[in-house]
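In this document, chain identifiers A, B, C, D, E, F, G and H correspond to the written order of the chains, with residue numbering beginning at 1 in each.
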Amino acid sequence: MIEIRFHGRGGQGAVVASKILADAAFREDNDVQAFPYFGVERRGAPVTAFTKIDNKHIRNKAMIYQPDYVIILEASLISAVNVTEGLKENGLVLVNTRDDPDEVAERLGVKRAACIDATQVAIDNKLGSKFQPIVNTAIVGAFAKVSGVVKKESVVDAILTLPRYAERNAQAARDAYDRVKVSGGA
Amino acid sequence: MIEIRFHGRGGQGAVVASKILADAAFREDNDVQAFPYFGVERRGAPVTAFTKIDNKHIRNKAMIYQPDYVIILEASLISAVNVTEGLKENGLVLVNTRDDPDEVAERLGVKRAACIDATQVAIDNKLGSKFQPIVNTAIVGAFAKVSGVVKKESVVDAILTLPRYAERNAQAARDAYDRVKVSGGA
Amino acid sequence: MMAKLTIPEEELMSPGHMGCLGCGATQAMRYVLKAAGKRTILSIPACCWAVMPGVWPNTCLQVPELYTPFETTGASISGIRAALDALGQEDINVIGFAGDGGTADIGIQALSGTADREDDVLYIMYDNEAYMNTGIQRSGSTPLGTWTTTTPVGVKGDWEKSPKKNVTAIMAAHGIPYIATATTGYPEDLIRKVKKALSIKGTKFIQIFSPCPTGWKMDPALTVSITKEALSTRAFNLFEIENGVYRITMKPKKTPLKEYLMKQGRFRHMPDDLIAKVEAGLDTAYENLLHLEEFTQKKAGSSQ
Amino acid sequence: MMAKLTIPEEELMSPGHMGCLGCGATQAMRYVLKAAGKRTILSIPACCWAVMPGVWPNTCLQVPELYTPFETTGASISGIRAALDALGQEDINVIGFAGDGGTADIGIQALSGTADREDDVLYIMYDNEAYMNTGIQRSGSTPLGTWTTTTPVGVKGDWEKSPKKNVTAIMAAHGIPYIATATTGYPEDLIRKVKKALSIKGTKFIQIFSPCPTGWKMDPALTVSITKEALSTRAFNLFEIENGVYRITMKPKKTPLKEYLMKQGRFRHMPDDLIAKVEAGLDTAYENLLHLEEFTQKKAGSSQ
Amino acid sequence: MVKELLTGNKATAYGAMLARAQVIPAYPITPQTTIVERIADLISEGRMEAKFVKVESEHSAMAAAVAACNTGARAFTATSSHGLALMHEVLMWAAGARTPVVVVNVNRAMGPPWSVWADHQDAMAERDTGIIQFWCENNQEILDTVIMAHKVAEDPDIMLPALINQDAFFLSHTSEPVDVPDQEMVDRFLPPFNPKEKLDVDDPKGFGSLVMPPQYMEFRAKMAKSMDMARDLIRKVDREWEELTGRSYGGMMDMYRCDDAEFILFGAGTMMSTAKDVVDDMRNEGRKVGIARLRILRPFPFEEVRYLADRVKAIGVMDRTYTFGQGGPLYNEVNAQLYNHTNPPFTKNYVIGVGGRDVIPRHIRSLFDDLEKVQENGYGEEGEIHWWGLLDGSTPKEEM
Amino acid sequence: MVKELLTGNKATAYGAMLARAQVIPAYPITPQTTIVERIADLISEGRMEAKFVKVESEHSAMAAAVAACNTGARAFTATSSHGLALMHEVLMWAAGARTPVVVVNVNRAMGPPWSVWADHQDAMAERDTGIIQFWCENNQEILDTVIMAHKVAEDPDIMLPALINQDAFFLSHTSEPVDVPDQEMVDRFLPPFNPKEKLDVDDPKGFGSLVMPPQYMEFRAKMAKSMDMARDLIRKVDREWEELTGRSYGGMMDMYRCDDAEFILFGAGTMMSTAKDVVDDMRNEGRKVGIARLRILRPFPFEEVRYLADRVKAIGVMDRTYTFGQGGPLYNEVNAQLYNHTNPPFTKNYVIGVGGRDVIPRHIRSLFDDLEKVQENGYGEEGEIHWWGLLDGSTPKEEM
Amino acid sequence: MPGTMDEIPITPINTVNSTVVKTGGWRAFRPICDTEKCIKCWSCWKFCPDVSIAISENGPVYDYDHCKGCGICANVCPVKCIEMIPENK
Amino acid sequence: MPGTMDEIPITPINTVNSTVVKTGGWRAFRPICDTEKCIKCWSCWKFCPDVSIAISENGPVYDYDHCKGCGICANVCPVKCIEMIPENK
């Protein structure tokens, strides 16, 4: 089973991101779960969401404590939340930032990091406003690339079922897929 | 245990009569219970009430099915209700009426009957209106005489605790005590 | 030489019911059913009318009727209407028939919800000014100064301390299309109002002043005549509000309140100064009504 | 050169609470506590404000505060007041602080009971025009035309179909001594009204228009400025009702409703004819208010 | 101490008066109504000092009572059946808020069919709420229990609401002689209510906020502990009351001639009072029978039930209600507590008196007969749950 | 049949749509809210034809649903915790009125403390109301159960309301792949609701009037009988559904690897799904363990529980709530049903996951370990009821 | 009153017309109409809460099986031709 | 957060001032005041829903531990001397 944790802010779409990823994996014949952290957070507050992916039937309904991947929708959260909590030894952290992945890996004290300027991708694709760019589709695109857990096509297919701006969001995912950078120069 | 059943109409005071009798007996060191038939009757409809009297502690909480005495606050009920239901073989029926007790006994098919014109007693003592005389204290007075179950004084004492027109009610009980007639010329 | 009947002859309420001698609430039901006719579904919460139709398997009502928990009338009639709509059944009157307690107190929320949703139902509050089924306790609709078992006179004079709740004003504030008051003493007026209400789409509300000889400690024979005095003393007023426009449907000559009060045991303890206070309050309320009539009619006239 | 503060400096609400960015309801609480001061007991039902003070053991409120089930605010403040009376504790303000859903819908019965009993409490309804704590569902207080999650636009245009419930009119019909409306955009006015309410004995009611950027789909920075537009479009009006006498406390020049609506995502679907209909309704309501002011003031004047 | 003829409802009102209840929010309902009326009278006559809050529903009655308690006042209310059901949410709230409101419930059947008669479903359906439950068999017990319940509920170790049950009409409307204790004596027994934590403008705190999952369970565990601690306290308070008045209700359970009994009927309310008479008669005939009357439903008297189990051959459990799809609630409670117990006696369930059917001595006797038979021969056709007295012929006609 | 990623709440909305619910009065409450929202969406998108009555409270929601049912329409609603509690009176009414309203309840803790997380008190506290209860462990089961519940509840022999339970967040907000059956197939399975008796102006009758004591008990006996008859019907409906869809939920109880098991954990909801994984692991290690998941609480699956009792050494009962003063409700239910049964196995109660605490595989494993130990050595200090994971040290740290 | 379980419906459904209940037994005073004086205005019929007055050419016909004797008819009669007589006499 | 059963009261009683909760972490945009331009009208202070502005002689002093960055202060400032800067930069 592969377990992914998302960090974002209320209203930013972390929960939707977790569902898109689950949907993409589901399209590749996996069993999946996607769920938010069960809190009472309000708009603006940090929120967490999860995706579980397995090629067997997932019966385990417990939350995720040791993720394989952590995805951070906004870099400013790094100082507000313990984003690497429980991350597996060889886990990877994907951050929406312009910064260099090696530097980020070091800052976070993890072995593997990946970075994508999802904000820029979103702005390029006219997703959200300048003050509130919608980055969740871009970041899932980037995740497909760096993790190999799901294919780009599956992510795009999942995104295309969104009720609004589906094509632009799909394009953001494709763009991010192309632009994401991983630490260690990979 | 002595068991008494009262028949009256909603609003006529049968329940209060059952309590006055219980109170009188209680003053003579008996254990007692007084309770209405548990119905949903409205003003004007026939109602039933009960008194239990015993010199031992009464634990039995069941209703009364075989009364020793039946007391009828208004003669017109005789045609509306089965007033003698369950009456013990040697039971006595006390009726508010001008009629002759022997005739009443025969009409009711019982061995013993007693009659008191409680309506007249009430009117004499200015209890209630002409259309709605309050007969319940008078009839308990009459009961004391014909049954011997309680003393006149106890009935009067019980009545004297009533919140209103206590003395007039007491006098009605005394008058009825004196005027009641029993079948068989007793 | 036989006079024409002034109200419909058909009876949809049978004798043999459990109402007290001279019960005004039974008259109210009789007239409402005459007005509404057979194609009517009734919903009745806990109240005297939950007992009066009879003990199973008897009923004095010749229309389908749903008994419900005490506080649910508004929701219940909404549910019935929604079901009829879902089933495609049209031309059926849905009427909630509840006491003043079930309306002004424990049922006001469900009623408020119905009005807010603008559901197509008629809600009737038969107003005997207290909880009678449980044996005469105060309700919101109990007038200032009244004795009830929960507002005893006692030593301290704990009679009802707040004025009669103005349920029609509350319903008017909900902006529903038709509101009326009626009384059992004037069945023709009552029946006209029920018919009118049923001809309008949306939530309608009618308050029927229904004397209760038992709870009012009054000679049952006075059930009809007391309503006339209620009107002439302004203890109750007959009016209707159609789309916000008030119309007072009877303006009797004023008679002294005390005469009305002294016929009823529930008021007999009232000292003269309290009576004067109550009377002043009723007069003010009546003036208000006159003003509202003038004001809303003028506005309606000008906007035509 | 430092301006004098126009509202009390003392803070009885601390930062660190859980309100959304730019939450108007938090401003409302801040001002109410400034007006009421330390000798105040608050009762808060389920609503955003049941979450905002913080998760145990934290609280942002520096006055004693009772959380209660959703529908109980009226009963709860009556209970607190009764207890204080029984314990002989005087000079304490008892304030219920509930959302529009907790007031206009599920809490209206308990509130109506409190008003009927004339209990000495202040009930504040902070009005963000929907159930926000559960994620933007319609309430009785949701205006005609609004999108919420239970009044979706969808294919059929299932936006809110009934006008905003007139809770002040409903409370006015209860005949309580003081009723007011206020908004977070005018804290001085709000604070004055709260203070006035607390100086009067009996049941008082204040409705505070409190923008919710989350539920209104609006830039949080607009929380203050949107209230000014709400007033000038008559989407909300500031007035008070003292012993039945109306006084409009602000009469801004009218501005077009559409500008107000288009700043908020919840209205952005509204077609022009619907906007016109809503605008007409608001204008009529405002005129009504002007009439009521004139009429009640004249009456009060003449009876003096 | 004066003996007065009191109905159960008047005894309730006297109990509240003697307990010096300070805030009484209440709403009328048959057959509780006269409680509310008598309290109004007592206040109006100047005999009782309490704030009577004339609420518009039972939901508000309980909510106002909880708030009053949180403010530091002793709160009391009374209701029945549908009224109790309408309080359901707030009863749970009162438990979680640890507000020791005392509620008298006149047990009445739930509708539909509308019925105003004795039935225990109303109270049994509150067994999962966290509220202490007392059950009474006569009016003296009601009066005494109102006072005792305040003492138990308000104890700093307990701080839980309490429900006191009395059968509709059989107690509520039946007048019996009742000893009315002196106020002075009651005051000695029951100190003023003075909770450690309350709404206080001089020491502002919040009450009842959101709690995250890790702590919620701890709060519930604390509640569970307090409820369990109530067992000993109830026994102690019963002893103290006995010292003062000579009256005990058996602590956690009222056992009548159980010591050497082989066959026991267990049940609640007035029918168990009637049953004691029957036991006396049967004892005279040499039958080893006894009555265990439910005095406390919550916390459940598991020690007492097990004590009985160690001694008797069979226990018949009488339920004046039924839990649809599972059996009589008391039967389940007893069985549940005897499971895992060594030496379990035979048990059988009698559903009887539902919706106000009268339970008369003959019925009790036939239950004992049946129980003896069943213990010897095993369950007959009716199985281990028997609805006593249905028209379907399942009960012999002569025993109905 | 299409597979879609659905949360439990969306699955609920789809279930109502496919069941062709006609009247849906509902009120929002976390975490049920998105059910109401999705239904509003489905209606607004023209995919669902139902009257959505936007009531002002849950009490009114249930009252409107009952009235709609009485009028002959299929009625559905959904709620959670405090909302369910506020319906309490009307749930009993629905049962007595024999109106087969289907209610989905998202199990959430009761306040105070305010909590929105998974906990079973809300539903357990309705076990005495006469309402059928289904319990689900995943979103597929929820969707399927809404349809099946209508079929069971509306059967002329049954005519009782039904409650369907799903854990807050663990299901309500968790997306999983769910097979969405065709409307046409569902229509074949579930006929339109057509009650024998309803409000009908052409055949006027009164519904729900006062009944005197002699008859009241008979009406209740009829209810009891219908509830008991629901057992066979539930099994039958489950088989029919399996024939159509290939999915069965075990009829009255969901047994997983129980056939030759020696140690069984019994419980409700999502934690039992997680537990099945653990059982697989432990089976691989040669441990004879199994899971019995509560599928139906009312009518209680007594035959199934007894079937298990005949086979296993010990049953551990997991309760995600607690009945104060008596133990976990499921524990009591199981014990009660096994009492009087020959060859009773050992049972122990684990109170766990209360107020939304996560139950993870390690916990389940330690419960099995504990159960085995206890069966060998008897109860330890904690006795037969163990609150699993409290901060008081009663559970070993490493197992928390 | 149905006598067996099978005759009892699943919930109380009321189908029997309440006329089977003879509320005449409640009556303490009996209304008697002097039909000579009656002007056939039908006020008595209109206001009877117990629907116990039928219209006939000769004036009101009482249904003494149901009339409870409230006296309303006597009270509303404009020509006072109805008298209330004690049932006892 | 209390750690043992004994430290937990019988029902949640809230006594800890919420200032311990650093809601500054919610902030995506940071208000910066150009105190030169500030006219000390205190509108910003008055309207801040997070009580995160203190009054000083030099103009508003921000409590960045709690300010959530809603932008109201910048919006209400009559002289527009408050700017909202992205936190990321």
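Quick note on the criterion: a residue touches a chain if its C-beta (ideal position, glycine included) is under 8 Å from a C-beta of that chain, and two chains touch if they have at least 3 such contacts.
Just so you know, these numbers come straight off a predicted model, no measurement behind them.
Trainee: Can you tell me the least number of steps between chain B and chain D, where a step is a move to a chain it touches?
Mentor: When the steps are counted carefully, the minimum from chain B to chain D is 2.
Trainee: Considering only mean CA positions as chain centres, point out the chain farthest from chain G.
Mentor: With centres defined by C-alpha atoms, farthest from chain G sits A.
Trainee: Of the pairs D-H and A-D, which shows more C-beta pairs in contact?
Mentor: If we tally the contacting C-beta pairs, D-H comes out ahead.
Trainee: List the centre-to-centre spacing of chain B and chain F in whole Å, with centres computed as mean CA coordinates.
Mentor: 57
Trainee: Chain B to chain H: how many Å between their CA centres?
Mentor: One centre to the other, that is 81 Å.
Trainee: Express in whole angstrom the distance between the two chain centres, defined as the mean CA positions of chain B and chain G.
Mentor: A distance of 30 Å separates the two centres.
Trainee: Give me the residue numbers in chain D that touch at least two other chains, ranges are fine.
Mentor: 18-19, 21, 23, 50-51, 53-56, 59, 62, 65, 67, 69, 71, 105-106, 108-109, 112-113, 116-117, 140, 213, 220, in rising order.
Trainee: Would you pick out the residues of chain B that each touch at least 2 other chains?
Mentor: 40, 44-45, 131
Trainee: In chain F, which residues are in touch with two or more of the other chains?
Mentor: Residues 30, 54, 56-57, 59, 82, 86, 89, 93, 96-97, 111-114, 117, 205-212, 215, 218-219, 221, 223, 356, 358, 390-392 of chain F touch two or more partner chains.
Trainee: If you look only at chain B, which of its residues touch chain E in the complex?
Mentor: 19, 22-23, 26, 31-36, 38, 40, 58-63, 65
Trainee: Within the complex, which stretch of chain H touches chain E?
Mentor: For chain H paired with chain E, touching residues are 1-2, 5, 8-15.
Trainee: Touching chain E in the complex: which residues of chain F?
Mentor: Going through chain F, the ones touching chain E are 59, 82, 85-86, 88-89, 92-93, 95-97, 109-115, 117, 119, 121, 124-130, 132, 160, 207-221, 223-224, 227-228, 230, 298-300, 302, 321-327, 329, 331-333, 335-340, 344, 346-347, 354-358, 384, 387, 389-392.
Trainee: Show me the residue ranges of chain G that touch chain C in the complex, using the header's touch definition.
Mentor: The contact residues of chain G facing chain C are 1-2, 12-23, 26, 39-42, 45-47, 49-52, 55, 57, 63, 65-72, 74-76, 84.
Trainee: Going by the contact rule set out above, which residues of chain D touch chain E in the complex?
Mentor: Touch residues, chain D against chain E: 38-41, 43, 50-51, 53-56, 59, 61-69, 71-72, 74-80, 82-87, 92, 109-110, 112-113, 116-117, 119.
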